[in-house]
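Each structure below is given as structure tokens.
Note that chain A is present in both complexes that follow, paired respectively with chain B and with chain C.
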Partner chain A sequence: MRLRNFFDSLLIGILWLSGLFILLILLAIIVYLVWRGGPFVSMEFLLTSPKGLPLGSEGGVFPAIKGTLWLIGLALAWSLLPALATAIYLSEYHDNSRIATLINLLIQSMAGVPSIVIGLFVYALGVVALGWGISLLAGSLALAIMIFPVLAISSRDALQAIDQDYRLVATSLGVGNSYTLLRIVLPQAVPGILAGILLATGYAAGATAPIMVTAAAIIANSSGVLLEPVMALPYHLYILFNEHISLDQAYATALVLVGLLLIINFLALWLQRLSERTNAQ
Partner chain B sequence: MNAVELINFNSQYSRNKVLRNINLIFAPNAITAIIGPSGCGKTTLLRSINRTAEMESSYKNQGDIKVLGQSVFTIKDVSRVRRQVGLVYQTPIALPFSIKENVLFGPKYYGEKKPANLNFILEDCLQKAALWDEVKDRLDKPASQLSGGQKQRLAIARTLAVKPQVLLLDEPCSSLDPASTGLIEELLQSLAHELTIIIVTHNLFQARRIANETVFILDGEVIEKGPTETLFTSPVSEKTKNFTAGLFG
Partner chain C sequence: MSLKENLIRIFFFSIAIVSALLLVFILFFILKESGAIWAQVGIINFLTKSTWQPMATPPQFSILPMLVSTLWVAFGALVIAIPFGFACAIFLAEFAPAALARLIRPVLNMLTGIPSVVYGFLGATVLIKYLEVSFDLASGESLFAASLVLALMVLPFIIANSENALRSVAQEYRQASIALGVSKQYTAIRILVPLAIKGMLGAVILAFGRAIGETMAVLMLAGNTLTIPFSWFAKGEPLPALIALELGSATPGTSHYQALFATGFVLILIVIMVNLSINLFLWHWQRGL
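This part shows the complex of A and B:
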């Protein structure tokens, strides 16, 4: 009995330590970024374009912030509705489970495609064959393809997690599927779907490979014109590092990228609270 | 006219026969209890009547079920059958809304918009479900805050709100305490003046307390049906005698 108690506490201890370890690594990353990049982040850095010679050694990252926001926003715009529709079909409507199994398999395979391959595909199709050139449109499309499986799977799971009894009650009142979906299932699943969107946003914001060959430029206005190239934070970061332009600027850029993701996360949390409050009524 | 009538009714999940050759007549404005050991097909019988059993893709049936003289299988719009034949489940289920919205979920779906009518339905159904006095001051509070017994009465009110003619209950009191059970039994007895009630129960005492007639089902077959007192005191079948005496169950 005493031995069993000992193993219980040992197990809890190990679980605690692993959690703590991850937290420490996360904290270390942020602290390191603040330490190395913090002094170089200023209003000027946030609000001006890259300057100097080589380009980027001075000035700021404003167009890269704008570009990243455009890329994320458009990628979500392209993929959210198809992903939600797929998720709703998979969780609510499939009578033929063979088709559902096939779709699930496809989505899983899609999640396994390396992002650079997606980038090359969109390059071949959009940039070259359709003549869009290196552009916001092509880049956001590549990111949309990349985040589609994340969105579809997380939304599907969020919908499936809703108590089956609610659907049963609604059906036995004679209430139709779509009404039940809109009034009960979807509102209940909003927090889960939102969590998926967040995950996808972070994934898209940090992805460099798919935009390298489709959208990103070393310098651009990033004013949201679909057929023009854009700057993006991860690509800018990559160039600053890879071309040894300025380590200080690189760390500052990394800090801005992390900060941007944190802000998006907080916004989503706030939205989630808001929707929970309206749901409760 | 008979409220519910099953004619040579058989049903199965895949190859597993659940109900065999059921011929039953349920009288209007009365309570009929269905008793029998677990797995004998009681729940499938209820779900077949309001056609929710068909949601299971392996489910098949033969024979006919008539509600108020009309075969439920000839009605194209299956939701009409389900509305006509309400079903209350074993576990009390509160939809993730306020108490008020739980009751009005059905009526709103069926297009009732006038606040006066909605308020009337709300109070009327909660009164009938013997819940009004307990919740009238907190209609806008989440229904999840209610106790198990209250949730079950809310489920009954929600079902009544779409004006069913037949009310099916699948062991509605199995997770409730004796006081809540008593309340529900009382309200069922008063509802029986205007509704046909069919209740599946594991509790033989409950069947005896509230049911006008009782049906005993074993292995998917009707063994005996009759006035409750007769079935319990002088059953025709040896099996019924053993079951009601508690020899198996």
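This part shows the complex of A and C:
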């Protein structure tokens, strides 16, 4: 019996340790980045271009921030409406369940496609075949394809979480489907859909592999011209480290990137909780 | 139903079907771009010979070294992540105080939100330095380092999905255990885990798919050599890293370019097969219950 007690407490100990370890990982990453990168992040770092020799060893990351914002913004612009329409079909109009199952399956598989393969596809189609070259347009398209399944699945789930009674009551009152959707179901799903958009934004902001082959340059103005290459935070970090330009600058860039993503993720979680609470009422 | 309602329905349907078929288009396009390489090298040679030398005359294309690296890194990551992930899932589902669980769950989300290039960067500056200093290695880059960092990256997926599987076990089992005076630990390990194990394995397959397609972390950690790795501590270059490194320098239309697309096609096939197997698996499981 004593042995049994011992094993039971041992197990509890192991489980507690593994749970606390998770907290420790995030804490360690943040503390380490702040410690190594914090001293180098300043307004000047955020608002100036890379300088020095080799280029990037001094100065800041302003064009990279701009480029990342352009990439995310355009990627959302390309993919948001198709994703919403797909979600609406899957949640509200799927009378043929076989086709809906197939579409669901395809979109889920799309979510699993490695981002480098999407980069490969856009490279062949946009950069080479259509002659765009390494460009903001190609990169944002690659990111759009990458976040499409995230947007579609999260919006679908947000719509499906809305109480079925609203739809039944609307139908029984003779209200048309599209009116119900636009005025009753969609407004209630907005927090959930927004949370999905934020998650997708964070996903796109951190993606490196697809833009590495389609959009990113070591140095660029990133002024939003569609057919020019751009800088981007994650690629800039990769270059700073990989070309041995400056470790300090790399830590600072990583801190800026992680800070941005943690804020986005935090907002997404908050919205998700908000939408769960409204649905529960 | 009115004409207008029907038109709206058709509108949503056509966008949905076109978007979903994009995946099929991507597959065919990548296959088309790989073009003549399949006939030129032969499928078997492409998958089983040991040299990748695009610049040699004649150039040699075989992805076996990279294929082995990919699988080694991914399985290695799972071996590290599974015990830890399962323990954490059991903790969250059965033992953690509610307040602590409410803290850990969003932390898992935040860990998934950190981009792979940051994991790769930290792995390269901290972990690899540590391996070099403490084991006195000339270079710490290895499949092992890549596995370790990948394990950290897939951990949140394993934990979140395994926890769901554990939570979906009917409450009656827990109540019956309490009524019989069985300890909570025994219930969790001997009753709940066996009941949830299929869902937990589903989580593992999902993580495997992620690990196979991951690019940046393995690119920065695995060491990038094009030889077949014979140990976990050897260097290697997984398939995604090969594509990322060589695509920019391959002239379109050459056999090198085509070989890279053939590589991409193999990679996407592996991932889709993993994905389909998990769907089949879950489908059978749900019917079996």
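The working rule: the second predicted complex is superposed on the first by the 237 of 281 C-alpha atoms of A that agree within 3 Å, B and C clash if a C-alpha of one lies under 4 Å from a C-alpha of the other, contacts with A are read in each partner's own complex, and residues count from 1 in each chain.
Convention: a residue touches a chain if its C-beta (ideal position, glycine included) is under 8 Å from a C-beta of that chain, and two chains touch if they have at least 3 such contacts.
All values derive from a computational prediction rather than experimental measurement.
**Q** By the touch definition at the top of the document, which applies to A:Leu80: first (chain B), second (chain C), both, or neither?
**A** Neither: A:Leu80 stays clear of chain B and chain C.
**Q** For A:Val41, select first, second, both or neither according to whether it touches chain B, chain C, the two together, or no partner.
**A** In the superposition, A:Val41 contacts neither chain B nor chain C.
**Q** Could you figure out whether chain B or chain C reaches more residues of chain A?
**A** C
**Q** Is A:Tyr166 contacted by the first partner chain B, the second partner chain C, both or neither?
**A** Only chain B is touched by A:Tyr166; chain C is not.
**Q** Applying the document's definition of touch, where does A:Gln188 land relative to chain B and chain C: first, second, both, or neither?
**A** In the superposition, A:Gln188 contacts chain B only.
**Q** Is A:Gly176 in contact with chain B, with chain C, with both, or with neither (first, second, both, neither)?
**A** both
**Q** Looking at A:Ile197, would you say it contacts chain B, chain C, both, or neither? Reply first, second, both or neither.
**A** neither
**Q** Quick one: classify A:Ala220 as touching chain B (first), chain C (second), both or neither.
**A** neither
**Q** Between chain B and chain C, which residues of chain A are contacted by each of them?
**A** Common interface on chain A, chain B vs chain C: 176.
**Q** List the residues on chain A that touch chain B in their complex, please.
**A** 95, 163, 165-166, 168-176, 179, 183-184, 187-188, 279-281
**Q** Which of the residues in chain C end up touching chain A in this complex?
**A** 2, 4-5, 8-9, 11-13, 15-24, 26, 29-30, 33, 84, 87-88, 90-92, 95-96, 100, 103-104, 106-111, 113-118, 120-122, 124-126, 152, 155, 159, 183, 185-186, 189, 209-210, 212-216, 220, 240, 243-244, 247-248, 252, 260-261, 264, 267-268, 271-272, 274-276, 279
**Q** For the complex, give me every residue of chain B touching chain A.
**A** The touching residues are 50, 52, 55, 57, 78-83, 86-87, 89, 91, 93, 95-96, 98, 105-106, 109, 140, 142, 155, 158-159, 162.
**Q** In the complex formed with chain C, which residues of chain A make contact?
**A** Interface residues on the chain A side: 4, 7-8, 11-12, 14-16, 18-19, 21-23, 25-26, 29, 32-33, 82-83, 85-86, 88-90, 92-93, 99, 102-103, 105-110, 112-121, 123-125, 128, 145, 148, 152, 176-178, 199, 202-203, 205-209, 212-213, 234-235, 237-238, 241-242, 247, 250, 254, 257-258, 261-262, 264-266, 268-269.
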